[in-house]
Structure formats: structure tokens, C-alpha cells
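Chain IDs A, B, C and D follow the sequence of writing; residue 1 opens each chain.
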């Protein structure tokens, strides 16, 4: 997948020849998203032995303008899963609201299904149940399936939601789950995943640590977080539409922890001095 | 022509706040042959008596699989049951396609409940003339629900509907405490014994007139026993195991009650 | 029922010469046959409770819930024809969702009561439908603080949304009861169903509108609710029943603004106290003020 | 302008399976599209019918452009079992092309097979399933599923059956078929090895007098080796093929699944 959301829905240059962007500037009445407007860049995620780590920076760009710098692109679902959004921010907000409603509907069903004998334990205030699947609610794998259908239906009606989405959590066998779906409804899973620029810059790094499911199952949480932080730094160095403030989510069986004010520490721009056109030129 | 002025349609309350058309529909359920359902901690079973219109005709089906984890037993108008059955099948299939999981049984039952309720509130519609026992397994384990023409749906430990089902219910109430711990085979035997209670004098359970359906909740390996209906020779051994066992009731000495009951 | 048989009660949405709509009145009769439901509104939140008559021993204990959640912060309990109640709840959930779709925030208790009152009323207008055979009690707690708009991505401006009058309270608990006619009022304590008379008498003793409501804590309200259901059941002693209770507190309270089932331990404690209060009541028989002691 | 930012070299592509000339010179209205609903996710599939078995195979790489999205994304699906885990299924479908369409196609066919079982109380035959699949594809003739499907099973006589399709539902029963990105690499190999094309007995004559080598049905073992060789060759020559080889062997005793590694480069 191309790193620029603007290129996602277009015919591939290598197949169809260069795309004539002047088609985008007609004065036709618009009925659907024909191009993303405010966009978020990469989302990256990697599995480890007890769950999944996901990260995305807090930037929403308007073309090349760093427009909004406090945008949270990782969203929890039912306190058992995390959804990360790349691409158009308004479509992300639509999906976020949609998922809120889905979670409410899910809670209706759970309340009807709560078997009488094990009625809500005393002092239980939030629904952070210990096992994410035994409560019969939608797990990450169910949610991903649902989002896939939603995205595919929208592409079928030529009204796509201009996003690439990562879903992290657990599957019905209580194993860590990580999968992706994009604006065409293409869905896939892998021990590590990245959208946008991350697919080119972060994915090779993450694959060094988790090339296979077995490798991922040996990673500790600390190692996984470290890899993800390292990738975020590389992305900030090389992706012009990125920010050094980001959100980091860790999903485990105990629930979802999202910290939305992470900062990239120990940046070193020494490498930039040797590259012409990168930063201030002294020559 | 009518019993009173208030039973012409399902949108008229009687002065006592009753809706006679719905109550009459519930009578249609009692016209159907008896079906019994029981749930344990691990399994849920449906057993039914099939009728044949005449000696040479085939037997009316009573148990229907809905999805791999759900099945129903019907009593009343079979054609109404088919409408509901098809609806449930579609819903289960759709849910599986959308979420990649089996539909929670209560959700499914609530859907037909809502569907049936509409028919009791609008002129020109009639209530469904069928009662169902819905048996299924989901993440919460095995479930048994009763569905009535009024749209009422309730989760039961065990239940029986259909003609002369009161006798079966009496049997079930008497053995209520044992069901939770029953294994698969014991549960089926309890079902068949309850069924026998409701038989007309000098009728017997035979391989021709008995159906058994069973589903099992996920075992330790996460494997679910899909709902399956057993007919004909497949049920022979079970019928045999409850044949004339008035004394040979399972451990717990439940046999003594049997002689107390008198068919009215 | 002097007018029975005059023919004006045989169809819906028909007025009799003296201006009554008999079918609606008969629907109320259906409500009066159902198990008792009550709602108590106190300063800290709302408690809903219902008496579920056990119609068969074969029912799975505690499995068939009667109090339903709408959105996350609202609860509905009803007496009368249960399938009608389910339909009513389904509609309420649709309304809550539609509200979110439009306003990107949760529906208020009063707004839901208004919309559902309208829905109920619509079923008295046409010959082709019958009124609902239920009376519903809607309880909720509207947030007193500004909530983020649904789908909001950032923190937004650091100053408040404005438009608020200093010193005035916003949000808080709400309790409404909607009748088959579509009529609804806000209540401090509401009761409907078979034991409503006894329940109302008990609710009035709590003086919820006066200082009683100010001093009643949510936990006390739960205990009172349990006791009132037990008192209301007293006339119907031959039948067993199950008590189901839910509560909604403010964001600082035990449910964090959500509608939830009362925790089992508290419910059992409340039931124990209720039974005790009932027993001592029977002994004395004088009918003294029987406020419960902690 | 877009080409300026493109990182892909401007050439006609490294023989992608969905290869189409740039639509320059098409009528004005035909170029109005802005959102291209299709993409090619690469990969290759292969099916061979034997005397009493059929083998379906596919690689497990999923690509978009030069990126590898996933190293394990199955292209083979069991169809029409009683349950969701397809334990008692007897038919295998493979799809290659646009993965989302392939997935949708598979789910639709499976739902239809399951409804058939529910209505008729018996599983669908391969022949019926094959015809139905064609109807599904043709039903979307004007917004096609961009998927090259192959269906495999055993026919009424117990012989291996392979049906291959184009994206709009044209289909035929064949002895063997390769589909997807490396179809053009694998198919000639199959012609030679499965159908014994261009195999002559040396020195048996001149020109048309050359005697063809005797054609005989291959054994299951031979076919398995053949499939592995075919994919090893394809991986070597095509960037969109690799990572893993998934094989399903359909016999009268059920469907056996084999996973083998392929080069990951």
C-alpha cells in the first residue's frame, strides 16, 4: 500500500500509468468521499506473548499542513480491543461514533445474556472482565470481521471510508489478535502490521523481531513496546507528515491501556547533517 | 358466533385487559403434539412425539435445526413454525457472516419475540399459532427458551409444551434439581421419561414417533457439539433405556413418584 | 364499568359520548394485572425495582431480566404485558440511537420520556392498532458536566463550552412514568402494577419531594425499594416472586453515571432487611411509621 | 503530477496478473472514475484432478504493490460444510486476484451451500456448486468480482473434478488449471507434465510421425511433487508469489490440508 492516503483509492501508476490529478478538480456535485481531506499517517502494531501493542502519532494533516496536533487515532472498544485509524479523519470520526453505537448495542445483548447465577459481582463498576471472550461480547476478531464487511459494503456503493484500520485484541481462542482492513475491504492479519508509511519503514523493523507468530509469542511486553517506540522514532525522522507526540495502546487480557501523551525521547538528528536538502543547509 | 364481543381481533382489549385472540392462539399450541426440552450445565436436549395423520402416512417433523448451535421444537401450526424457522435461520447465517461468531441464543429468541408481538398489536394481523422450545449453546453455555404466540419468551431450566404437556411438566418439576449435573445420556433419558408421562394411554415411544435433538456447549478444548436431530433407529437405544423402567430410575430414587401420577 | 356493552369499547380510538376512550382504559387494566414496578429518585440517583411473579418452577432463576438499559445511562421498567414492554424498550433504544446520530451525545431522561410518551400516545390514535398494555417507568441520570462530543478526537479548547448560568445546576437524576394513554409525568417516586396502591403509600411516607429526598442516600433508596416491593407483594402472598433492581448514580457515584444492576450482595442485604421489616410489621400490626433503621 | 511523487518506476508493471493498458484516449465520460474499487493482491493458485482425488494449491502471500501485507493469507477455502469449521466439507474453492472480492465470493458461495443443505437435507454436489458459482459471478457482470476462482471436488463417480472460472462466470471442467499472478508461468508446465503435451518418444519418427508418449493418470504422490515444483518455479520468477504453500487434497475420505514453506524473498 502506498504511504500517501491521497494515493490509496487511485489506479496504480505502475499498472495504469500516471494518474491525471486534474480529474479531481472538476465542479461536479460531490456525493461521496472522492479524496481524503484531513489525514492521519501511519498506525503500527505488533503482537507479543500476552497481547498487542499499537501506536499512532497525534497529528492530523491538511495536505502538507500540520493542521491538528492533538488528534487521538487509537480508540478502545468495549475495553477489550483497540482500533487504530490511518487516513481520513472525518471518516475516522464517523467510524468512532458507529463503534460507540455498536458497543451500546453489544451491552444490551450482554445484559440480557448475563446468566442469573453469576450476576454482576459486587463493587463492579466498569466492565473490565478478566477474560475478554467468556463474557460473550464481541472480541477483536468479531469486530474486525464487522469492520471488514462495513468497509467492503461502502466500497461496493462507491462511497468508501478512506481509512486503513488496524484492530488489536483477542480472538475466540483467547489468543492475541491483530488484523487490518482498508478502504476497499481488503482484510489480512500478520504478527506485525503497519499502515501508510509505516508499511515501508516500520514493518521491516518489526518483522526483525516478530517474523512469525512463534517469534511474536516469545516477545515480552517491554520488548514489544520498545520496538514500537523505535519504529515511531524512525517514522518521525523520515515521514514528513508525522509528529513526535503519539498515542500508545497496550491490549492484554486485563484490558486496554492507552496513553495519549507519549513523546519521542532521545531524538538524534545527527544523520540529517550529512543529507543535502534535509533541515537547514549551511553550504 | 363469537364467545364475546372482544375476541374478534387482536387489537381489542376486553374490559379486564385481556386480548382473547392471543389467548386463543395459545390454545393452538396445545393442539400440537408434546415436545420437551431440558438444559444441563453442558447440554441442552429437545425430545418430541411425532404424529401421523393416519396409519400409512408419514410422521410430522417436530424438531428443526436452525444453525449449528441452535435447534427448535414446535407445537402448533407447522406452517407458522416454518416462517419463524426460516427467519431464525437467516438471522443466524447473517450474524455469522457479519461477526464470524454464532448468534447469542437470547438475541435470536428476542428477535422472534419482537416479531410475534407486532402481530398482536396491529389490525389485520393474527398472532402466530405456534409455540416453540428453542435450544442452543453459546458463550454462556446451553440455553432453553420457551416462545409463546403472545411474543413472550422466557428462559427455562426445562419445559414442555403441546397436548397433555402438563404431565410432562409435572415430571420435570419433580426432577428439576437433578438436571444441572446430568450428562448427555441422562438428560436424554429424563426427556424421554417426561415425554412418556404425556402419552395417551396405551401409546408407546417408538422409533417412528420419537425425535431427539441435542447440542453441547464448548468443552475444555473449545469444541461445541452442534445441534443434531436423531430419528428412527438412531433413537432406538435411548427408547430402550427408558422402556418400562418405573423401578429402574437412575440413582437418586426418583422412581417412587411415577406411580402417584394419574392420567386425567 | 357501567358503560360496558354500549359498543363504544369495541374499537380503538373511539370516544364514548361522555368523552372516554375505553380501549385505553382497558389497557390500563392489563397493567394493573402485572407485577409491581417502582422507581425512586433521590439526590444521588435513581433506583428501579420490579416484582417478577414466578409463573412456573421451571423458569431459570434470575435469567429473565425485566429492567432494560437504554443507551448507557437510562433504565426502563414496566408493568403489564411483557411483550409490549419489550417492544417499547426496543423503540426507546432506537430513539436513543437516533438522538446520538443527530446530536452526537446521549439523550436526556426528559427527552426520552417525551419521545416515548409521544410514541405511546400514537398507539391510541388509530383504529388499526391497540394501545400498549404497559405502564413504563423511565429513570436516568443526565451528566452535570460537559461530555465530549461523540467522535471527538482532541481535547478541544481548554475553556468551557459556555452558556451556563452560574449557580444553576444542570443535569441530575430524572424519573418519569408513562401510561398507556401516552400521558407522562416526572416523579420523585413512581409505582405501577398490581401492588401500586400499597407501594404509593409507602413511597409517600418517604417524603421524597421534601426533606426525605434530600437525605436519602442511593443505598438507602435501594433498601427502601426492596422493602416497598416486598410490602406491595404482601397482598399476593401465595405466589413466589423474584426481585430485580437496577440503579443509576451520578459520575461520582457507584455506577459512574451508568444504568446497572444492583450488585448481588447489596440486593441480598436489601432483601434480608425487607423481610425483617415485614415480619416486625406483622407482629406489631399497629401500622406505625416503619422507617427502616440502618 | 502524481507521477512526480510516485515511487514506482514508470513501466508497464512486472507482469501483474491484472494488467491493463492505461486508459488514455478513452471517451471523456469513461475516465470519470475517481475511486478505483479494485486492486490486485497477487498470489497464485493451482488445481489438478486425479482419478480418485483432486488437489488444490495456492501460495499464502498477500501483496499490494511492492509491499507484502501478509505472509499467511489463505487463498483456499473449504465450502459447504455443516458447521463454520467446515469439518465435513467436500468442496474446495480457491480465489486469487482482489482479495476482498475473493473473500466475499467465498462467503456467498458458502452461505448458499449451507442454505441448500438446510432446505434439502443433503450437501450440494460439485457439479451443482460449480454451476451456482458461475451464476453468482455472472450476476455481477457489470461490477464483477475481480477474482479468478477454481472449484475442486469429487464428482458423482468419485473422480476428481476441477472447474475453473473467469471473473464474470465463464467456466469449464478441466484436468488442471493454474490461476493468478503466476498462471502464465505454471500453466505451460502443467500442460507438459499433467497433460503430456509435447512429450514424444525419442527417435520414434520424423515430424508428424513422432509418437507421443503414452498419457496416463498421475498418482497422488506425483501430483503433490508436481505442485511443489510448480510453485518453487513460480516463486523464483514472480515477486508476488511466495512465503507459504497451502495444499488441500480432496479424497473420498475427506479433505487433507498440507502447509509447506516457500521462499520468503
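One rule holds for everything that comes next: a contact is a pair of C-beta atoms (placed from the backbone, for glycine too) under 8 Å apart; a residue touches a chain by one contact, two chains touch by 3 or more.
Here the structure is a predicted model, which is why all the values come from computation and not from measurement.
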Graph separation of chain C and chain D (steps between touching chains): 2
Longest centre-to-centre distance from chain D, chain (CA-based): C
Chain centroid nearest the full-protein CA centroid: A
Higher-contact pair (C-beta pairs counted), A-C versus B-D: A-C
Computed distance of Cα centres, chain C from chain A, in Å: 42
Chain centre separation in whole Å, for chain B relative to chain A (CA means): 47
CA centroid of chain A to CA centroid of chain D, Å: 31
Chain B: positions in contact with at least two other chains: 97, 110
Sequence positions of chain C contacting 2 or more other chains: 60, 63
Multi-partner residues of chain A (each touching 2 or more other chains): 112, 115
Graph class of chain-chain contacts, one of line, ring, star, complete, other: other
Listing of all chain pairs that touch each other, if any do: A-B, A-C, A-D, B-C, B-D
Complex contacts: residues of chain B adjacent to chain C: 5-6, 10-19, 39, 110, 113-114, 116-118, 120-124, 144, 150-152, 154-159, 169, 172-173, 176
Chain A to chain C touching residues, read off their complex: 60, 68, 70-73, 89, 92-94, 96-97, 100-101, 104, 107-108, 111-112, 114-117, 119-126
Chain B contact footprint on chain C (complex, rising order): 1, 4-5, 9-12, 22-23, 26-33, 56-60, 63-64, 81-84, 86-87, 90, 123, 127-133
Parts of chain B lying in touch with chain D, wherever the complex brings them together: 65, 68, 89, 93, 96-97, 102, 226
Contact footprint of chain D on chain A as seen in their complex: 1-2, 4, 7, 9-21, 23-24, 32-35, 148, 152, 155-156, 158, 160, 180, 184-190, 199-200, 203
